[in-house]
Each structure stands twice: as C-alpha cells, then as structure tokens.
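What follows is chain A paired twice: with chain B in the first complex and chain C in the second.
Right, the complex of A and B next:
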C-alpha cells in the first residue's frame, strides 16, 4: 500500500525494547498501516506482540484466525520470546504463484 | 540474487523473460531444463479479472526461496535453479512466476520444478489481489491453508504445523 504510515504503540509500563511489526496485504489494508513500532515489556513473546497489534487495530480481528506470525523471517507456531530490534510480521494467507 | 549453489532467486517488477532464465540454468553438463510459468487467468468463477496486483515481504520471501532451493537440492541431483516472482501489477495472460531447473537427466529437473512451485505457493510470503470489474479480493493458496490448519488455529498461540518445514 502506498503512503502507508508508521505507527507507534507504547504501554507506559516497563519498556525493555522495541519490535518492528510489519503488516502485509489484507492485514495492511485493514489496519491502514504497513509498519508498527511496538514497545515490548519484560517477558514478552510473539503472542503478546500479536495481541498488542490486535488491540491497537481491532479491524484486524476479522482475519486474526487465519494469520501466521513470522519472527525475523521465520514462521513461528508457538509463542517465542522477543527482544529489542526483532522484526515481527503478520502474514495473512499467502497467494503467490 | 545468486546463492551459494549458484541458484538464482529474484523478485522483480518487470515482465519475466523466459529465455533469460533458461540461459541462467543452461549448462553444458545438463541434458535437461524444466521450466514452469505461472500466468494470470482472465476469469474467477463468473467474474472477469482486469489485473492482478502482487506484493511481497521481500527479505523473507527471498530467504524462503533460497531455502526451498536447498531442500530441492537435498532431494534431487540438480545442476542449476532459477526462481523469479513478479510483483506489482501483472496484466491478464502475463507471467507472474517462473521456475527453471536444469539437471543431467530429465526426471530430476521435472520433479524439482513441480516441487519448487508447490513449495513457493505454500511458504513464500507473496500475496495476490485480483481486481475485477466490480471490486477486488485477496487470494489464498490452498497449499498454505492446508499446511497450517489456519481455519481453526489462531496464529501466534501455537498448535499449527510449521509452515517452514518442508
């Protein structure tokens, strides 16, 4: 999506770093943004990041059950700890080919 | 982009030139070159498709393309591999994806070619939107959905099989 802005999601709680969350295809259309900077807290996993994005952009709940999550270019199927500088991506069903 | 094995994986915005990539995998020691071209259709059910718009998660897509090349090499004796996916607007009837594989004998490249396009559709993060005369729709590959049981398993909270496993 051209002209997609970046957003910042902070909690005000103990911040231990930032994760960049990338949105593609339908997820990007629903949220209206392509990249979100997430403030992460101690002990956070990919699941916490995912929920933080859902909370900030409730429109994404329409497709939450069909999205995969990738952390630093690897699909993750169970919550994985995140750290400062990680890149998280919300992957709606792919359709290449 | 050329990997350790000389495999070429690319995401491009221009028309895919078949001859160029056939020459990329051509080798005097290879007696076979198998190619697959994916082209865009003009109809979806009863709707006329005007054009397709593709987008990719570039870095991850290139990484996973290299991975599926590696897996193909672990299964078959292959000489060279080239995989190219076009993104942006692709007109009806034009190529959106190309797989070219060379091998000493034909069976290896034919099997690998089919494997590579199947794996691309199952695991490489690229998306296609069909634009109709009225409206549009993001498509979903059945290969991706079936591998991940996405209908019932919420993402990021566990349970789905590993899409990167091949």
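Right, the complex of A and C next:
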C-alpha cells in the first residue's frame, strides 16, 4: 500500500524502451510495490510485460487469472505491441463496501 | 343577552360539525391519494415493511389554485420546486430531470460504507422510491464510515436505521426496507420492481449475483467497491456496455483474499465511491450527462489520483450477457454463488479453517490456565505489526506470518532463553487474530523441526470472548 514504492526490472538484453506497470489493490499488496519500470525488448507485447511482472513478483501468480490488464487506460484482451513510454495497469477487482 | 349567547353557541356547534365532516372527507381523500401513489410505486406485496414519508409534499390539498402558472410541461408542485430549487436551477438538469428522479426507483444492495452516501444523496435529491437491502445490524465499528447510522442505531437493523435517516432528510420519498440479504432466489423478483440497481455490497459472491441478476432482469447496475485506500466504480449492463462477468469471468481465488490480516478501510474512501455511485444513478435516471459505462474509475486515495480505464465492450462469450447465456431467469435462482466465489455472502468472520489437529492446538481457556500456572513457554503472535501494535498479550513475540521463514532463529533463541536446567523442549504457542494464520504457522514451524508447537484456537477474538472481555480484539 506504500504508494511511492517503485521497482526497476531490467532485462539485460537489447533495450528498446521502458513501460511503466501500475499495480492496484491486491496486486499492489502482494508485490509490495505500486509501480514497476519494465525494460522492454524488440517485439514485446503486453503479454511479455505481464509475464515479466509475474516473474519478478511470483506472489502475483495467485491472482493472475482475475486481473484486468489495461494499456494506456484501455482494456486489453489480446496481446498488444508495447512501445517506450507506455503505461500498463494490472487491476484486480476489489469487493469491499 | 343569554339568548344571544345560546344562539351563538348553536351556530358554533353547527359550524364545528360541518368542519368535522369536511375534515373526515379530506382525510379519506388523502388516504386514497396515498394509496394510488403506492400502487404506482414498486409493489410491496412480498415485503416486510414499506415506510412512507407522511408529510407528503404537493398533491391536492384542497387548496385553491395557486396564483401562479406552473410550466405546462411539468408536474412538480410548489413544495417540490422549493425543495429542489438549487438543482432545478442547473441549466443541464431542470424540471424534466427532476421529474425523472421523482418518478424513479433505485434498489441499494448494502447499507454500509458505500450504501450510506448513496441512500443519503438519493433521498435528498428526491428519488421517488428507494429500496434498501442489508441483513446486518449496526455495530460500533461501522460508524467511522457508515455515516447514515449513528450511535443511537447501534444494534438496530441497518435498513431501519438507514430508512429513518433518509426520511428525516426527505419525508416525501418512499423507502422500502429489506432487512435480509440478496440471494439467488429473491434477486430477480425484487430487482424487477426497480429502475436501477446499486451494488454497495461487501463480498465477491454477492457481486456476481447482483451483476447476473441485473443482466437477466435487464437493469443498469451502478457498482462500487472500496477497500483500504482504493476504490473502483463502473456502470455495468448499461446500453451496450459490459457486465461484471465480462471483465472478471473468474473470481479471485480464496487463498488470496481470506487471510486473518483483513485489510481495513479509511471511512472517506467508500464515502467518495458511494457519492460517485449516487451521481451515476442520477445520471442514469435522468439521462443527463454520460454515465460511467464501459469505463472504470479507480480511486487511489493515498496519492489523490483518479484513473479512468476504458473497458472492453460486451464479451460475446460471457456466460451472463454473451450470445449464448447460461445464466437465465431459470438457471439463476439455482446458481450457487457462494460455491462459485468460494466465499460467503457476507463480510463477516470468514469460516474458521481447520488446518491442524486438536493434538496441536490449545483453547484460550486452557492457555490462560497455563499462563496463570507460570509454565514457561514462548508465545508467538503472527499478526501484522500494525495490528500487533494496537493491542497484544504480555510477553508475546511478534513475528508476522509472512516473515516467519526468516525468523525461525528468533523463535529458537527465545525458546532457549526461557529454558531452565533439565527442562524438556520449550513449548511454543502461536496466536493471531482469528486463528487461521496461526494454524498455518504451526504447520510451518513443525515442518521446520519445532516439535512442541501449538495453535491457540480461535485467536485473540476467542481470547476476548472466553478469557478477557476487556481485550480490544478487532
């Protein structure tokens, strides 16, 4: 829940840009961070970014099937190519009231 | 002189009698009027109690026609015009929108943190009929966020408390009380009587049920949720927009959400989300503005940021609203939502899990005897530190469950320290809030080679119940 926590995930390979991954609700709690900077490689899609986040934070795998993924504030169902400066959001539903 | 007086008396008596007759006639007329209005509003045939504000404004009061001319196109009374004047003055709103509100009906599922502002604002702005549904009673720990209730309503049903507050604000609206939970069998019948449904519930199972029932009953759903410092808001099933299942076809796995370390919530967060829900209801009922359909608003209260994510359209494969729906008015009443969501239709205590056997646990009462007998031991409290800091048992060691694997040596050292010459192995007792995490910890510690590890059954909640009623168990 610490809103300012950020992480940097480098791929070590040919870097073509960076994508900011924003984690919400339970995803933020499980990962312990709210924002991740992902180094992306050539040809990467939202699916690659998603997997990179799962690899870095395996705790997120528990809720991988129930998270909504949005690229630049647009919901994505199929993998979409990402580019430098994109913003990826992982949004699990919350149910409290 | 006497005669004149007597004559006046007779006059007076006659007049009084005439007034009495007139009064009875008007009362009857008023009764008829209220009955007719009730029939126009959602029926209350299968309902326990419908509360109607008695100071109905407007209507025919046997008064002479007012010396002013109402706009030909509307039916608002002088009292309504006065009451709603500040929203009538809005150019984008006006009399038509107000008429739609006054004719409109809304079912609010949940009279808690979200439902409070929804009901308050909808009553205040004049929504004609407000159904409020909630099986719970008001508790003291509700009051920091459920602002429709107050200290005097602790112990009362939430619906009756909420209804009283709504009518105190606006006695001209009708409030229908449902002091029970929404379930698969009652959902469709109740929803059929309303124009819009508000999901202000507090659990996953109810959220799927509300969404499915709205699809089957063809009602727009204004859905809000709040937890911790975050909120989410969407209008589902509106025009061609998606439903809840289109976005979240599979519920969160139980493991990820049912821990002892339940997240808290800051009161204003559901307050903000619920207020947004009231706004969306007003927009849907009045057709003013652009409802939050196929979009999700996400409130991050910590950073004061609001994100709006554009959502997908309907999923053609959706089991509820897709091309071949499996959830219909026939199947829905028999659908087991609690099983599907693997969680109960309440936010109350999650079911107690049984992870370790009786030979590896001790009741609070027995543990208390052991402490009083000064038997040396180690007590480990596996709650999160911020919970531990609120209140804890004396001489306990706080090792949050998540950090247990790295802290085994700390426990070993504590056991060593308490050990006297010739003692056998030191017993370790584990406690948490409700006794679920502590059982997992006992399992983990046994796997790590600790032999005498015991779970204190039921955790600190049981401690407060069975041993020390002054302990502030949360």
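Definition applied: the second predicted complex is superposed on the first by the 91 of 97 C-alpha atoms of A that agree within 3 Å, B and C clash if a C-alpha of one lies under 4 Å from a C-alpha of the other, contacts with A are read in each partner's own complex, and residues count from 1 in each chain.
In this text, contacts are C-beta pairs under 8 Å (C-beta built on N, C-alpha and C of every residue); 3 or more make two chains touch, one makes a residue touch a chain.
Because the structure is predicted, anything quoted here is derived from the model rather than measured.
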Room on chain A for both chain B and chain C (clash or fit): clash
Touched partner set for A:47, first chain B, second chain C, both or neither: first
Which superposed partner A:16 touches (first chain B, second chain C, both, neither): neither
Partner chain in contact with A:73 - chain B first, chain C second, else both or neither: both
Which superposed partner A:62 touches (first chain B, second chain C, both, neither): second
Partner chain(s) touched by A:30 [first = chain B, second = chain C, both, neither]: second
Set of chain A residues, in rising order, touched by both chain B and chain C: 22, 24-26, 65-66, 68, 70, 73-75, 77, 89, 91-97
Contact set on chain C toward chain A in their complex: 110, 112-115, 200-204, 207, 224-232, 247-248, 250-253, 255-257, 263, 265, 270, 296, 298, 300, 302-303, 307-312, 347
Residue numbers on chain A that touch chain B, as the complex places them: 22, 24-26, 46-47, 49-50, 64-70, 73-79, 89-97
Residues of chain A that touch chain C when the two form their complex: 1, 3, 22, 24-26, 29-30, 62-63, 65-66, 68, 70, 73-75, 77, 89, 91-97
Interface residues, chain B side, partner chain A - complex: 38, 54-57, 59-61, 63-64, 85, 96-97, 117, 120-129, 138-141, 144-145, 148, 150-164
